[in-house]
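The next block holds one structure in the form of structure tokens; read it before the comments.
For clarity, chains are labelled A, B, C and D in written order, and residue numbers in each chain start from 1.
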Amino acid sequence: MVHEAATAAPPQPIEPGPVARLFQSSLPGLALEIGQSPIDEVVTVRREDFARVMETAKNDEQLALDYLRCLSGVDWLTDLETVYHLHSFKHGHSIAIKVRCPVADAHVPSVSHLWETANWHERETQELFGIVFDGHPDPRPLLTEEGLGYYIMRKSHPLADIEEWQEDYLKTIEEAKSQMAVATGVAAPVDEKALKIQMAQQKAAVIKKARDEARAKGLSPEDEKAAVQDAIKKFEEEHAARQAAAPVTPAKPVDERAAKIQLAQQKAALITKTRNEARARGVSPEEERQIVAEALKKFSEEQEQSAAAPQAAPAQAPAAPSVPTAPMDRAAKIQLAQQKAALITKAREDARAKGLSPEAERQAVAEALKKFAEEQQAG
Amino acid sequence: MSLVLISHNPWLESLARLAIIALLVPVTVIILTWVERKVIGRLQMRLGPMRVGPYGTLQGVADTIKLLTKEDVRPQTADRWVFELAPFVIVVPVFMAVVAIPFTADLFIKNLTLGLFYFVAVSGLSIVGFVMAGWGSDNKYALLGGVRAAAQLISYEIPLVMAILAVAMLSQSLNLAVIVGAQEDTPNIAYQSLAFIIFAIAGLAELYRQPFDIPVAESEVVGGPFVEYSGIRWSMFQLGEFVNLVLISILGSLIFLGGWQWPWSVFDASVPVAAQVAMMAVKTGTFIFFFMWMRASLPRLRIDQMMSFCWQLLLPFAFLQIIINGLVLVYDWPNEILIPLSGAAAAGAVYLTYRAARATGVRYQPGYQTVGSVL
Amino acid sequence: MLGVLKAIQTTVKAALRRPVTVQYPTEKKTLPHRSRGLPVLLWDFDISEPFCTGCQVCARYCPVDCMTVTMKDNPNFAAGKSKRKKIVDKFYIDYARCMRCDICVEVCNFDAIVMNNTWQGVELSRYDRQDLVMDLPALLRQSKTGELETPFREPMGVAHSGWAPKMDEEEERAAEAASLEKHHGTSPDKPSAPTPTADPTAEVPAGSQARTERATAEAPESHAQAGEGGTAPSAGQKPAEAGEGPEKEGGEG
Amino acid sequence: MVIETRPPHESDLETIDINVNVGPQHPATHGVFRMVLTVDGELVVDLDPVIGYMHRGNEKLPENCDYRQVIGYHDRTDYLAQFNTEHCYVEAVEKLAGIKPPERAEYIRVILAEINRIASHLMFFGAFGTDIGLFGTSFMYAFRDRETIQDLFEEVTGERMMYNYFRPGGVAWDLPDNFRQRCMQVLDSVERGVEQLDGLMMENEVVLARCRGLSPVTPEDAINWGLSGPMLRATGLAHDIRRAEPYSIYDRFQFDIPTGKRGDVYDKLVVRLEEMHQSARIVRQALETMPEGPIMAEGLKRVLRVPAGEVYMRVESPRGEYGVYLVSQGSDKPWRHKVRGASFSNLSALRAMAVGNFVSDVIIILGSIDIVLCEVDR
């Protein structure tokens, strides 16, 4: 097979490029939307005749697009688009074929029977975008685990801002800010970012719950989606109603994570204690398990009483970042450093006044520092 | 027993000698781990251990301490006694073999008249240990490794024994001291060059070292039967392997390179003990270096290639060597005829392996599609 | 067997060549001039205050957001000693998160932050991840004590800050060459980034003068969100005049 | 190619095929990749690859980053050929935004990308040697040369691996003054190292016996599976994006495209070894004709806003075709940023290539694909 070096299709106004013209000739009378990207030509096709276009793309003599380079999904909020970049080894030309489908009915015919590599690409797009490829031999998710419930690459899936990753570190600053606000009596600024994230998580939970109910009732996929949609709408109205009813003043966030850890540790200690007693008494494994269970039940009842009691002791602010030394000797240290710095500048000044070379200057500074250190010991 | 250690009472005497061996062998193993890491490091253009002690000399000691203090874990679903006894089944036969191997004319524990026979019988036992370790640790990799070890060690046992048999035929005795004595003027390597080649390759396979480290291939079965062992149990496998390495090297230098006498015995009869020890050290050292050298430069064979290499090539040529010895002994031809005969057979074997390896394909230059620049 | 012999011969030939190991703690490889350790701040010895004015441009452009910067009014400015109206109050860099992508050094208008190219910048193992959060004194320590001799700053010709060349290359090359002879003499491997600021004899080369005007004029646009923590500067307010005083202790070899 | 898996034989001694988990934590999987092998004795009856352990959302996070902050993500998708991946992304942004980088910047990019290809192939030979059984020898030889290359990169960019050195419109800063002589010195020592690797592995009968004729791939299958790079060229197809669709200034250099004959594991070794020499050849030509001058396009504003549009830019990375499909809506953040990793398609063909061989062969076949898991899972 002779491979002449195909020159990149020159960018032209939207009148069809060479490959697009081939497409038009081999598929007469088909609605093709022609576009031009900096490297390849782009042909947008309706979903109904997508399968036929792909058949001809692969099997047609003139086109012979036998190499599927890249299959990517794009989320345009209103509808989902899949882009197929194809290349022909025989003629050396390449083209991008696009097909769109509405978000509600995200179905696209699969092309894994034409190109083997589409198998994995389609599985990945399916789990990240939620576009169902009809006729795919093995639609298991590829990268994420089963039953994730939401589609990561969709724009609707909230991308939490980077602050989200620094919770404990930022909590100290939030704490400091809210304490300072309380001290000065100014109302603590409402933290909309945390609110936004909470809202998104609740929404995802609502969607999941609605979907499970629908599946439990055994509805067909369409009305399952309808059920999910109105669940979301209901959730929004409630939220708006709650918002209007009582302006939310954020209660000081009790640090539940630390409390939870503490609770778990207490439980673990309790379990080991009861188990050792049971074993000391030489009890058979079943009774031993009952004893541990009772101890746990007793422990959880105590927890309820203590929770109903006045608010748990306010969680102590986690250690402020890296202020290890006691403030007193830090000031001394800074003071020492400043003296040293002043000494260095003075030594440098007179060295330069004498016009010494850089090395001699550095020695002068070093001696000054040594002398200063000896004075420190002596003093 | 000319050299008397403590007393003439045979029990006390052998007890003293066993004590020495029990002390001497672990020390040599510790030194050997250091030597191996240094030699392989040097072959790979790096320094090897340098941090523990001057030039890393205490590395072996540090490893031993780590292994002894490390907790030896046993998987819960492991077959308890099979798992726990496997290391002993591998190590004890090796130490038993040490008893029958004379290091020099009078430095040995017990020079048996059937020394070679005893050595071969005992070293065959450790194969059971591998299969026990493989089955006992209830781990798929260990199972695969154990089965591979059984296949390899059993099939390479036979050429090894044949090579030793050929030498024993020549010197008409199974007593190692007599064999060494027989090599007064010319070492057996000259007479039995084919047997020497078969002994070296089969010895390499017995030690499951490169290119025959299929049972413990770390990229395929991740350590084979030793996967689930740690701490002192794993160190016993390591001990067994290195003692085996020393033993086969010593045996090789005894029966092929003329033991502790050869170059001296050509000039004058009496050979001082120091010279004997030095001679033996040099010869064993060359063998050990040869094994380490192979480890640094050869990749691993596939299991079916290894098996076919043993059964279709090593074994027939081992029998050929025995037939040649038989002819020479029966018709009383002078031993010197063995040199060309055995040499020719060895050359034939080498050529056959060369052609077999090359049959799978010759290295060739890639086909170029020379398209100049588009300018 | 020829191939096997060739392989064996290769390993032996390799054994005869000198081993290449560098025994790290005792002998250390000399770090190249541009080596990127972790970011540190520079200390202006003449007015004995950091160069950083806390303008948070680096914190905004950091892809992993590992910096937290707060700003305060500069006491020296009130005392008339320094030109900087604002000075950095608290500056935290979380070394555990920083990926050393050098974007902060590129976007800093005041050349206040630089990549540490000494071994201390790399030897930072700690027992607790919290200790890797460096506060202001820790960040300034190295340039204060003069360990950081020649930090690498890209030559002026390049999109120094703001991804656009601020001035033409010849003028800047001339400015570099001038300041270079004065301090280093002709060092063989011309450190490609001599100190950009003026040399002590108060003769301010045109290059750095023009650059500081442009840095202040082009205050970070509306892009700047309110920096979290502490009094966030309103976007419009012009950061202080860049301190251009005599050459920095850190900068001078 | 239809794979007939052998029907389980009904001997009287009922044997079952065991599932061996060549798990995410295994020396031969070059990272976190898991193969569930159904094994009958030593013969692999079925293979189910499991990926996704390294999925870090490299396509979702850039939708929240400035166009310059995204470069860091490309260093971490293919961590053995960062300059090639950065080159691809940066070219994509330049094509969208219509920026023309100056000549010197193009030369710097080509030189560094080609040296990075040598470093990546060296890494392949090191890892492949360990898979096949060489006890670390090939690793040490390959890494000694790779260290010299990494030192050179550290002198240019300051980093040994995650460079973040290319920018849309040029490169971050200029080369050091002694770069030309240092580069020649590194190339010579690396070429000597490649000769050493060649001597150690390529004519070694054991390597020949194990790799020759192992899972041959026909050109039609290679195209159907979407293979690219050395995997494709090993089957005899001379498809190299630097030659088929020349980007940047690759059309100014003379170099050959090595191709194999039967697409088996040995051909892949031969092709990669030869590519290292060709890359050195390109670098030498580029070093002679590299002009002086600016290294950053003019008139770039502080915040780079890319006009709306889309582009699928592909580059010949050491593993194959590395593509970036960039869709922008005109803001300073990309709307959709899809990365086509070469190892993703190459790995999808593993099952078809591996079933029917021995366990030790499957390990080499996986090694010969030279996968980088971050590129597969993104």
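Keep in mind that, in the parts below, contacts are C-beta pairs under 8 Å (C-beta built on N, C-alpha and C of every residue); 3 or more make two chains touch, one makes a residue touch a chain.
Since the structure is predicted, the reported quantities are computational estimates derived from the model, not experimental observations.
S.K.: Let me spell it out: compute each chain's centre from its C-alpha atoms, then which one is farthest from chain A's centre?
M.R.: With centres defined by C-alpha atoms, farthest from chain A sits B.
S.K.: In terms of Cα-based centroids, which chain occupies the most central position?
M.R.: Closest to the centre of all protein C-alpha atoms: chain D.
S.K.: Tally the contacting C-beta pairs at the B-C interface and at the A-D interface, and name the larger one.
M.R.: A-D
S.K.: Calculate how many whole Å lie between the centre of chain B and the centre of chain C, each centre taken as the average of the chain's C-alpha atoms.
M.R.: 60
S.K.: Where the CA atoms of chain A average out and where those of chain D average out, how many Å apart are those spots?
M.R.: Distance between chain centres, rounded to whole Å: 26 Å.
S.K.: Indicate the whole-number Å distance between the mean C-alpha point of chain A and the mean C-alpha point of chain B.
M.R.: 57
S.K.: How many angstrom lie between the CA centroids of chain C and chain D, rounded to a whole number?
M.R.: Comparing mean C-alpha positions, chain D is 33 Å from chain C.
S.K.: Which residues belonging to chain D are in contact with no fewer than two other chains?
M.R.: In chain D, residues 137, 141, 144, 200-201, 203-208, 238, 243, 246 touch at least two other chains, as defined above.
S.K.: Residue numbers in chain A touching 2 or more other chains?
M.R.: 5, 162
S.K.: Show the residues in chain C shared as contacts by 2 or more other chains, in ascending order.
M.R.: Within chain C, the residues that touch at least two other chains are 1-4, 7, 10-11, 14, 20.
S.K.: How about chain C: which of its residues touch chain B in the complex?
M.R.: Going by the criterion above, the answer is residues 1-4, 7-8, 10-12, 14-15, 17-21, 23.
S.K.: Can you list the residues on chain A that touch chain D in the complex?
M.R.: Contacts found on chain A: 1, 3, 5-6, 8, 37-40, 42, 66-70, 72-75, 83, 85, 89, 92, 94, 96, 115-117, 119-121, 128, 141-145, 152-153, 159, 161-162.
S.K.: Tell me, which parts of chain A touch chain C in their complex?
M.R.: It is residues 162-163, 166, 169-170, 173, 177, 319, 321-324, 334, 337-338, 340-342, 344-345, 348, 352, 358, 365 of chain A that touch chain C.
S.K.: Quick one: which bits of chain D touch chain B in the complex? Just the residue numbers, please.
M.R.: 18-21, 26-28, 39, 42, 129-137, 140-141, 144, 200-210, 212-213, 236, 238, 243, 246, 251-254, 256-261, 266-267, 270-271, 274, 358-361, 363
S.K.: Considering the complex alone, what residue numbers of chain D touch chain A?
M.R.: Those residues of chain D that touch chain A are 51-52, 55, 57, 59-61, 63-64, 95-96, 223-226, 237-239, 243-246, 309-314, 321, 323, 325, 327, 335-336, 338, 340, 344-345, 348-349, 352, 377-378.
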